[in-house]
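In what comes next, chain A is part of two complexes: it sits with chain B in the first one and with chain C in the second one.
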Partner chain A sequence: MSTIAIKGICKDYGTTRALDNIDLEIEPDKIYGLLGRNGAGKTTLLNLITNRIFPTAGEIAIDGESVVENDRALSKVFYMTEANLYPPGLRVREVLGWSKEFYPGFDMPYALWLCEQFGLKTGKRVKELSTGYGSIMKAIVALASNAPIVVFDEPVLGLDANHRQMFYRALIANYSQHPKTIIISSHLIEEIAEVLEEVIIIKDGSIVLKQSVEELLGQAYTVSGEAAQVDSYLAGRKFAGGEELGKFKAVTVLGVLTEGDRALAQKLDVELSRVELQKLFISLTNS
Partner chain B sequence: MRLDFSSEKPIYLQLAEAIEDDILKGIYEEESQVASTTELAVTLRINPATAGKGLNLLVDEKILYKKRGVGMFVSVGAREMILKKRREGFYQSFVVKLLEEARKLNIPVEEVIAMIERGRGK
Partner chain C sequence: MSRILKVAKWQLYDARKAVFLFYLVIASVLALITILNVLYGDGPGKMGGVDVNEVVFCFVLGLNSYTGAFKFTQANSITRRSLFAATLVSFAGIAAFMTLASIIVGTILKSIMPYEGMMMQLYRIEARPTQFIWGFALNTFAIFLGWMITMVYYRSSRLQKTLVSLSPAFLIMGLIYLNNRTGGRLGAALIRAMRKALGFADMINPNPLVAVFSFFVAAACCAALGFLLIRRAPIRS
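So, the complex of A and B:
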């Protein structure tokens, strides 16, 4: 059980402000999704949490201890980076061995079992691995690390559909058996939407929202049907983004569905359905 | 068991209903153990908290009960409880809707009744 407290974090690269006064509380034993468009500041934030870079201002603490130059605090976090930082000549089994040195709780039998499940040959060298298997190796090390906080930056990069499914299942099983704080940064939002408990959306270096997925999806819905009918449903409502195809129209409405809305929808013969996290994300981060 | 991620119905409710369906179909018999939170979460690829919420809903309704350290089981009389609950919903969600749709399509009530008879003959 570990908490991350982020207070007033700013990060400048030269004259560019990558993160602007971020305040965030990451609660223990939840699965978080860190979502944002390219260049929004996701990786910068993850790099700061894991002390790979220093903040321009502000402080990050794990269980009350600053992460800056603090091995004890940092040993509680495993960070699966998008970039491959392992020496290219190392064999997979040597990578696993090294991981055990740094993370005393590393579960070797579980790591080897995962390698077998994913068809990752432990005799291969890091440089011989495809993009997909490179991701798989890093994800396996992360899952087996047994650190109380595990951070995944684009964990399914280059994985085929089958391996992605296996990864999500392994992640859920791992989390159920050994609850921990998990932060996943991914562009494949729809795939992870149901796995997440909370989402953090970051835009232009600021936090747009931090909310439970269920709550967030409860605050918007999709209305679709014949364009003119959909338009009359939308009268006087707040909505964001939509799609039109001929006379068909589907629009994301911002608001909580009421019984009155359902009755109106039925009268107008338009359909109400759940908003996709991905569509909501686009409408929240566009502009 | 299948969940519809695009339905406006929350996932935990869908999960609870799917388990009820399985009890009605006899896939889970009374006094038998149902899948655990972990098994459900892994198989359906959903957050374990969501799976737990669905199961707990059924525990609150006394359709399932917990055996400490063992898991969740189907209560005696669960089938009857679900049937009773579902029958109450049947009128609202099927009969009322059926008649509304029939009105839209200009189908007289007598013809709807005839259609029901025809359906029963099948």
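So, the complex of A and C:
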């Protein structure tokens, strides 16, 4: 059970402020989704949590211990980065072997089983792996590390639909067996939505939302139908973003769905449906 | 501590192939020279200073030791401080192994043909313990010098890299200019200082242990500068 406490974190690159006064608490044994548009500051935040870079101001602690150059705190984290940091000449089985050296809880039989499931040949060198198989190797190391905190930055980069599905299944199975804190940063929001318990949305270097996925999706819904009827429904309501295709219109309405809303929708002949996390994300980050 | 030793173990593992290839080449070249000497020479020829190759190898190994190890340790959430401590351990191990191997190669060569190692050529001393300490100090300095140069490049911006690359030329030109301005006194003073640092204050009875001290001080300076550069090093692709 490991908690990450982030207090007043700022990160500047020259004159650009990448993160601005972030306060956040990552609770143990939950799956978080860190969402944000390109350049929002997601990777910067993950790099700071894992001591890859240093903050301009503020502090990050794991179980009360600062992560800055602290082996004890960092030994609780495995960070799967988008970039490959393993030596190109190393074979996959060597990567697994050395991961076991640094993560004593590393589950080698499980890692080998995952390699077999994904079709990853352990005799191949890192430089011989495609982008997809490179991601698979890193994801396998992350899952088998058994670190109390596992951070994934774009874990499904280059993976085909089949492998992505396998990864999500493996992630859920792994989490069910060994609950841990998982942070996933991905642009494939709709795909990871099924896996997430909480979502953190970051925009222009600031946290704009941290909420459980269930609660978040319960606070918005989609109304769709003929544009004129949808506009009538929207009168006096708070909404964010939408799509129009000919006479058809679909809009994300911000608010909890009531019986009165349902009755009005029936009267106007518009459809009400559960909002998609991705659409809600776009609405929240576009304004 | 255990993490430091594991990183050191990784660094030694990483260097094993280069060391093996180096000695394979050395062995092949020596075998070839010996065969040619015996077959076509007027008896066995004379050789000297093969151990300078070990020093060059240590320098090149140092140059190639930082970036890969840094990325790999970052992938495994190891702190920079632990990487630095592990580097001290593994470099000491590599320098010691190379020195020992160099003494063994020298001994083998000596049994085949007249041979003099660097130490014998410079100081006329053949005592094995002194030979080992001197070689170890020199190899340690060479490996840390290479490592520090890579660290400087790693932390530099493109402009800084250019300036660092040009700095030896500027230094030499500056020294030549100052030497001319001082009527050759600067050059003479530098040579005197170098002689003293290498234990040649007394040219008839040179003292290699002074050089050992100088090499260790120089290695410590490289390591210290490297530590200052590594402690806030970010990941770069």
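Note that in this section the second predicted complex is superposed on the first by the 286 of 287 C-alpha atoms of A that agree within 3 Å, B and C clash if a C-alpha of one lies under 4 Å from a C-alpha of the other, contacts with A are read in each partner's own complex, and residues count from 1 in each chain.
Just so it is clear, a contact is a pair of C-beta atoms (placed from the backbone, for glycine too) under 8 Å apart; a residue touches a chain by one contact, two chains touch by 3 or more.
Keep in mind that this is a model prediction, so the values were computed, not measured.
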Fit-or-clash call for chain B and chain C when the two complexes are aligned on chain A: fit
First (chain B), second (chain C), both or neither touched by A:Gln177: first
First (chain B), second (chain C), both or neither touched by A:Ala57: neither
Which superposed partner A:Glu197 touches (first chain B, second chain C, both, neither): first
Included angle at chain A between vectors to chain C and chain B, based on C-alpha centres and rounded to the nearest 10 degrees: 150
Contacts of A:Ser273 with chain B and chain C, given as first, second, both or neither: first
Partner chain(s) touched by A:Val256 [first = chain B, second = chain C, both, neither]: neither
First, second, both or neither for A:Glu214, with chain B first and chain C second: first
Closest Cα approach, chain C to chain B, once both complexes are overlaid on chain A (Å): 27
Residues on chain A lying within both footprints (that of chain B and that of chain C): none
In the complex with chain A, residue positions of chain C that touch it: 3, 6, 9-10, 14, 68, 71-72, 74-82, 231-232, 234-235, 237
In the complex with chain A, residue positions of chain B that touch it: 5-12, 37-38, 41-50, 100
Chain A to chain B touching residues, read off their complex: 30-31, 165, 168-169, 172-173, 175-177, 193-197, 213-214, 218, 221, 257, 266, 272-274, 276
Chain C partner contacts - residues on chain A that touch it in the complex: 47, 50-54, 69-71, 74-75, 77-79, 81, 83, 85-87, 98-99, 101-103, 147
